[in-house]
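Below, chain A partners chain B and then partners chain C, in two separate complexes.
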Partner chain A sequence: MADLRNAVLVGGNRIPFGRIGGAYASATNIDMLTAALDGLVARYGLAGERLGEVAAGAVLKHSRDFNLTREAVLSSALNNHTPAYDIQQACATSLTAAVQLSNRIRVGQLDVAIAGGVDSASDSPIAVNDRLRKTLIKLNAAKTPMNKLKTLATVRPGDLAPEVPAAAERRTGLNMGQHQAITTKQWGITREAQDELAAASHHNLARAWKDGFFDDLVTPYLGQTIDQTLRADTSVEKLAKLRPVFGDEPGASMTAGNSTPLSDGAAVVLLADENWARERNLPALARIVDAETAAVDYLLGQEGLLMAPAHAAARLLTRNGMALQDFALYEIHEAFASTVLCTLAAWESDDYCRDTLGLPGALGSIDRSKLNVHGSSLAAGHPFAATGARILASLAKMLAAKGSGARGLISVCAAGGQGVVAIVEAI
Partner chain B sequence: MNLDSLIAGALNSPLGKKAMAAAGFAEATKLRRGEALPSGPLALGVVGESSAVADALAAVGLSAEPALIDSPETRTKDDKGRDQAPAYPAKIGAVLVDASQVATVDQLEQVRAVLRPAMRGLEPSGRVIIVAADPATASSVEQAAVRQALDGIMRSVGKELRAGATANLVQVADSTTPAQLGVVLQFLLSGRSAYVDGQPLVLADVATTPAPEGRIVVVTGAARGIGAAIARRFAADGARVVVVDVPMAGEAMAGVANELHGTALQLDITVPDGGARIAEHVAQRYGEGARIGALVHCAGILRDRMLANLDEVRWASVLQVNLAAQLRMNEVLLDPSVAGGLADGARIVAVASTSGWAGNKGQTNYAASKAGVMGMVRALAPSVAERGIVVNGVAPGFIETDMTASIPVIDREIFRRSSSLLQGGKPADVAEAIVFLADPETPMNGQVVRVCGQLIVGR
Partner chain C sequence: MAHVVLDAMPGAAGLYAKALAPARRPDVAAGLADTTVRLAGHRCTVAEVAAYNSVCGFVLADELPATWLHVLTFPLQLTLMTASDFPLAPAGMVHVSNVMTQHRPALITEAFDLVVRAENLRPHRRGVLVDLVGEVRVRDELVWQGRSVYLNRQAKLAPNPEPGPAPKAQGDGSGTDVGASDVHLATAGLWRLPADLGRRYAAVSGDVNPIHLNPLAAKAFGFPRAIAHGMWTHARMLAALQARLPDSYAVSVEFAKPVLLPSTVSFSVAEQPDGFEASLANRAGDKTHATLTLTT
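What follows is the complex of A and B.
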C-alpha cells in the first residue's frame, strides 16, 4: 500500500469524569457524549460542519440507545449530515474506534472523523430479569383480556428483582476485580507497590490540572470542572489504611484506593487527513503509527483476564522492529494499579516473554518516570468506553510538546480477556 | 420564596405598579432597539450658517425637515390665554441641532428655540442630538465656554426627556468628514444607541474604512452575560469570533462558540502567557498570517467588600482580572511581530464601568480596576495610533445580567430608577456600543462611552 495518507490526531475533548451517583447522576450517555462533542466542535470551530464519520460507543448501554452516537451527533452542533455508528470493545472502545477511523482516513475513505466513548455507571441500563421479560413478551402476544390476565397471574414477587449490569465476566461469574486479584497474586504484586502507583496517579493528575494541562482537553459539564474522583491530598499512608475488597485473605491487596472507581463521563478525539487539517489551520499533533489487539484465554486461569495487552505489545513491537524502551512516554490504563504492575512485571520476565509471548527474552523494564505522567484512570476515573479517547488526546498533546518523532505507547486492557496496544508518534 | 422575590413580585403586581405610579415613579418605556430608525420625521435646527449635519445625514441616506423654532412670534395662546410653544403636527422621531458654528453666549438662545418645541414633540424612544465642535479646539475663551455649555444643555435635556427618549452630544473634530459624522448620527438615531444617554461623543482624527469581511474578533469573558451578547453581535455582522473565558466557564462558552460558528479558547487571562495563548490560537485556527481585527476586553469579576473588610486577596484578584491582565495581553498582542496578534488598523474596546467614574461603596477594588481601564484607554490610544490601531472603552451602568440579578431587589430597583430611562440596560445595549466603537468606520479614539441610560453620574 504505497499511497497511504497521513491520519493525524488534531486534538480531543472530554468532560470531567464524574463519580458514580455524582455530578452526572441524572445525565444520560447521549447527554454526555453530546457535551463532549460540543466542546470539541467549539475548540476547533467545527459548528455546522459535515464530518466524514463519528464512531463512538458505550459499554453500559440502554437498549433504546442502539443509535447512541448518531443521536449524540444530532444533538450536537455538528452538521446533521454527519454519519455515525456505534462501536464497542469494552474498555478499549474509543481506542479501537480511533484506530479504525485513522485507518479509514489513511486509505482515503474519510477526510475527518471523530472517535469517542461514553459510559455512565450511574444511569446504568437496569433490566427486568429473564423470567419477567419472557412473561412480558407473552403478555404482549396474548390476544384476549382473559389470556392477558392469566399471563399476568404467573408473575411471582421474585420476578420483580431487577438485573443490574455488573462488571462480571459472563463465562466465569467472577467480576473484574476478582479476576485481577488472581493475577495480582500470581505475579506477586505487593500492596505497597499498588498504593504507590495509585498515589502517583492522583498526584500527577492533580498537578496536570493545576498547571492548566487540561485547558484545551476538557470542557466542564453540569458545573463539574475537574475530575470528581481525583484526590489531590491522598498519600501512600492514607491508601494503606483501606481494607482489601478483592481477593482472598490473607494477602489480599486490592482496595477501593488502588482499583479504578466506577465513574461517568465521555471523551472524543478528532482525527483528520494531515492535508485536510493543515488546509483548515487545524493542528496536527500526532498519528497512530500502528496498533495491535490481542485476546487471551482466561477461562482456565492460565492467563490473567487483563493480561492481553502484554501479548499485544509483544506482537506490535516485533512488527515495528521496536524495543519496549524506544518510547518517550507510556500510557498504561489503570484498570487496577496491579494491572499496570502485572503488565510491567510480565514484560520484565524472561520466562514469561519466552514461554508465553514467544519472544527470545524479556522485553525489559521501562523508565517509570515516563509512565502515566499526567495521571490515569485510578485518579481520573474510568467511564469504560471513554478511557481510550482520554488517553489518546492527552498523549498526543504531550508527544507534540516533546517534538516531532517522539513516540508513545498506549496499552488498554478490556473485558473478555482482550487488550489493545497502540504506537503514537508526534508529527 | 425569599424576601427578595416577594418584594419583586409585589412591585410588579398591578397594585404594586399603581402604588409606584402614585408615589411618582413613572413606568419605564420599552426602548426602541436594533437597527430601527425613528418612525417619525427628523427635524433639524441650525445655529448660524452650517450644512455639517445636513451633509452628514445625506451621506448616510437620511434627510431632515426644518425644526420648529420657538420665539415670541411663533407662539400661540391656549384657551386660558397662556403662551404655547409651536407644536409639531405629528410626533417627530428626532431633533438634531447643528451647533457646530456656535461661538457666542447669545447664540445659545437658538439652541433653546429649537429644542423647546421638540421636548413635547418627540415620539417614544425619540432622539435629541446636538452636534458641536470640541471645546478643546476653540479659538476663543467664549467659544470654548459656549461649546462646553452645550454639554450642560444636553445633559439636562436628557434628564427631562420621557418615554425612552435620549439626548446626546457629538463633538466633531476639524478633520471630521460628512461620512464620518453620518456614521455616528446613524448610530445615535438608531435603536442601537437605546441605552446611551446624556453622553458626549468626541470624534477624533482617525482614518476610517469599511470593516473587512469576516474579520477576526476576540472577545474575553464571552461565555455569558455581556460578553456573550458582544460575541453574538459581532457574529451577526459576519465576524469570525474567538470566544475566550476561564476553563470553568467552558460549557457555556462552547455553546456560544458553536452557536456563532466561532472557536472557543478556554483561558484564565491572568496567566502570564495569556496574550501569547490568544495569539497562538488565532494563528493556529485562522492561519499563520491571520491577525485580530478587533479585541474586546470584557472579562471582569466583582469581589465587593467595604474597604474596612477588604483583604489583599480580594483586592488583587479584581485588579488582576480586570486591569493587569488587559495590560499584559495588549502588550503581547500589539507586538507586530507576533503571529496572531492585532492587525494594523485593529480596534481595541475595553469594558470599564460607571463605578470607575463615580466610585461605589464596597467597590474600591472594582472601581480602581475600571477607572484604571479608562486610564489605559486614554494612554494607549495615542501610543498605537502610528499603526492605525484605535482604542476605546465603554462604561456600562446597571445592566440586567446574572451578575446584577444577585443584587438585592430594592437596591436593584433603585439602580434602575437612577437612570434617566428609569430602567436597566440589556447586555445587547452594551454590545451595540462596543460593535460601534470596534467598527473601523467609527471616527472615535481614546474615548470611553457610557452605556448607562444616563445614570446620575458619569463624564
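What follows is the complex of A and C.
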C-alpha cells in the first residue's frame, strides 16, 4: 500500500443549538447548514475557495432537500465549484461523514473537505398519508378539469391526517426512548445515576461556555449566542422531581431531564491534508486514527437498540491493540443519560464482554472525570445529524490543548441499531 | 418643515384605503413640502423575515436582504404620499425604478431608525415623476439608502420646475432603453410564478395593493390579470445573487412590462468586473419585465 497522507482536523464551527420551536423555529435545514458553513469559512479564510468536497446531511429531511448540502454550499461563501453530497446515518451522520472524508484525504483523493450535519425538529417534514399522496399524484396527472374534480371527490376527511415523523423505529414501532427504557431496566441503571449524569452535563457545558471554550467553535445565529437548552442552574434535586416519560411503572426512570431534548442546529468540521493546512498556516489540531461502525440485531430484543457502540469499541480497540483505559478523554453521546451508563456498564461486565462481544474479559471501567468534560447532548441539545461534528470539533480542540499524541475516544449511537466509534489523536 | 414621527409601523392596508379615497391636494406646481416620516428603534421578528425570505428565495441569515429594508420603509412612503400636503394622488402610481445602497450588512438583531422623504418632483412625457428616498440607520450609522421612482400619470408639470441633480436611477419610466444593454446575459433560471404569488408576497411584505391580489381588482386598473409586485421581482433577482453579495453594494432595478400572474419568467445574468447585470423576461425572451444592475 502506498504511503498514506496525514488528514488533520483544522477546526470546526457550529451555531448555538436551539430548542424545538425556539430561536430557529423559522429556519430551515439549508438556512442553518449555510450559517454553520459560512462561520467556518469566515474563521479559516475560505471565502471563494474551491474545496475538495463537502459531505453533510440531515436526519429529518424534506424530500425537496434531496441535495441539501449542495444547496447549502451554493448559498455559502464557498466557491460554487465545490462539490457536495448528502450523507445520512441517523445520529452518526456527521461523524461518519468526517471519517469518510478523512480517509479520502489520507489516500490523496482530496486536499481539503468539510463534514457536517444539520437538523431541525421545528421545521420537520410532515408527509401527507399514503392515500392522499396517491390521490394527489393522480390529480396532478389528470388532464381535464372534470377528471381533476372526480379525483378530488375521492378525498376523504381521514386522508387529511398528516404523518408527523416520530423517533420511532419503523420495524418495532417503539420510539427510541421506549427502546432505551428496556435496555435501562436490563442493565439496572438507577434514576439517581441518570440524573447525576444529566446535571453534570449541564454544569460542564455551562462552565465551558463561561470559560470561553466555544469562542472559536461557535458562531451566533439569529440572535442566539448560547445553546438554548442549557440549564446552568439545574441540579440532581431539581431533576429528581421530574416524572418519567419512557418505560413502564414501577421502576421507570427516564425523564425529560435525563433524555436529550429535541433541538435545532448545525455543525461542521474542516479536514485537510496536513501539508495543505500548514502551507496556509491553518491549525492542525488532531487526526482520526481509526473508526469502526457496528450494527446490532435489536428486532426481537436480542440486543438494546442503542448498544452498537459497545460492539464497535470492542472491535476498534482490538484492531488498534489498545485498552479502554488508554485515552485522555472520552466523548460518549448522551442520547439518554442511561445510554451512556448502559455502555459503561457493558464494558465493565465480564460476562457481556466475553459472551456478547467475544473478548477475553471485561474492557473495564474508565475514569469518569475524563468523560464528556465540556458537557454533551443532554445539555447542548441534539440536532441529530449535527452531533458528531459538534463532538469531533470540541474533542480535537481539547486534545490539542493536552499536547501531541493525546488520544480521545468518541462513541455515538444511532437509530436502526447502529453505532460509530472513533479514535482521535492530537497532532 | 413637517415631521411625522411614527411610534409604530403603520399598516399598509389602511394607508391604501386612504390612498384610494378622493382627497384635496396642493398644486403640483407648488412643489413638494419638506416633509419627513420617521420611525425609530424598529425591530424585525425572525418569523416575519423568514416568511419574506421564503417567498423571495433568500436563505435566512443574520444579514437582512437589502430589499427587506425597502419593505420596512414602504409603509412610511405610503404615510408620506397619503398625507394632505403631498401633491400627487398615490392611487395608480407606477413604480418605475428603484435604487438601493447597502453600506454594511443590516443584522436581524439590530434596531433600525427609518426615515423617508420625497424629492426631485419632475415632469415626464407621461405624467410626473417623484423620488421617495428612504434611509435606515443603526444608532447614527447609515446602513442603507433607497430611492424609489414613482410615476403619476394623471398629473402634469411644466418642464424643469425644480432643477436639481438628476436622480441616480437611470430609469425615467419610459422603458425604451430597458434591455438595450450590449452585455450578453446567460439564462440562469426559469421561474414558475404561481397565480397566488401576489397574495403570498402581500402577506409577507404588507404591500396589499389590490392590483397584485386578484384579477378583478387588476382589471379595474387596466391589467388583464393580477400582476406580480415589482419589488418581488427585484427581491427574487437579488436572492439569486445572495451567496455572491459583498458587505456593501448598490443595486438598481428598472421595471418594464409588468409580470401577469401566473407565468413563467426567465432570469438572465452576467458577471461584470464590478458586479452583475441581470434581467427578468418572459419565457420567449422578447419582453423584458425588469433589469438589474449591481455594483460593488
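Simple rule for what comes next: the second predicted complex is superposed on the first by the 426 of 427 C-alpha atoms of A that agree within 3 Å, B and C clash if a C-alpha of one lies under 4 Å from a C-alpha of the other, contacts with A are read in each partner's own complex, and residues count from 1 in each chain.
Basically, a contact is a pair of C-beta atoms (placed from the backbone, for glycine too) under 8 Å apart; a residue touches a chain by one contact, two chains touch by 3 or more.
Keep in mind that this is a model prediction, so the values were computed, not measured.
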| query | Does the superposition put A:Ala35 against chain B (first), chain C (second), both, or neither? | reply | both
| request: For A:Ala77, select first, second, both or neither according to whether it touches chain B, chain C, the two together, or no partner. | output: both
| query | First (chain B), second (chain C), both or neither: which does A:Asp233 touch? | reply | neither
| task | Check whether A:Ala27 is in contact with chain B, with chain C, with both or with neither, and answer first, second, both or neither. | result | second
| request: For A:Glu249, select first, second, both or neither according to whether it touches chain B, chain C, the two together, or no partner. | output: neither
| Superposed model, chain A: greater residue contact from chain B or chain C | B
| field | Partner chain in contact with A:Asp216 - chain B first, chain C second, else both or neither | value | first
| task | Return first, second, both or neither, reflecting whether A:Asp297 touches chain B, chain C, both chains, or no partner chain. | result | neither
| message | For A:Pro283 in the superposed arrangement: first (chain B), second (chain C), both or neither? | response | first
| remark: chain A positions within both the chain B interface and the chain C interface are 35, 38, 77, 220-222
| message | Which stretch or stretches of chain A touch chain B in the complex? | response | 35, 38-39, 41-45, 47-48, 77, 212, 214-216, 218-222, 225, 281-283
| chain C-facing residues of chain A, complex | 23, 25-28, 30-31, 34-35, 38, 74-77, 80, 220-223
| Of all residues in chain B, those that touch chain A in their complex | 243, 247-251, 253-255, 257-268, 271, 284-287, 290
| said: Quick check on the complex: what are the chain C residues that touch chain A? | reply: 46-47, 49-51, 59-62, 108-109, 242-243
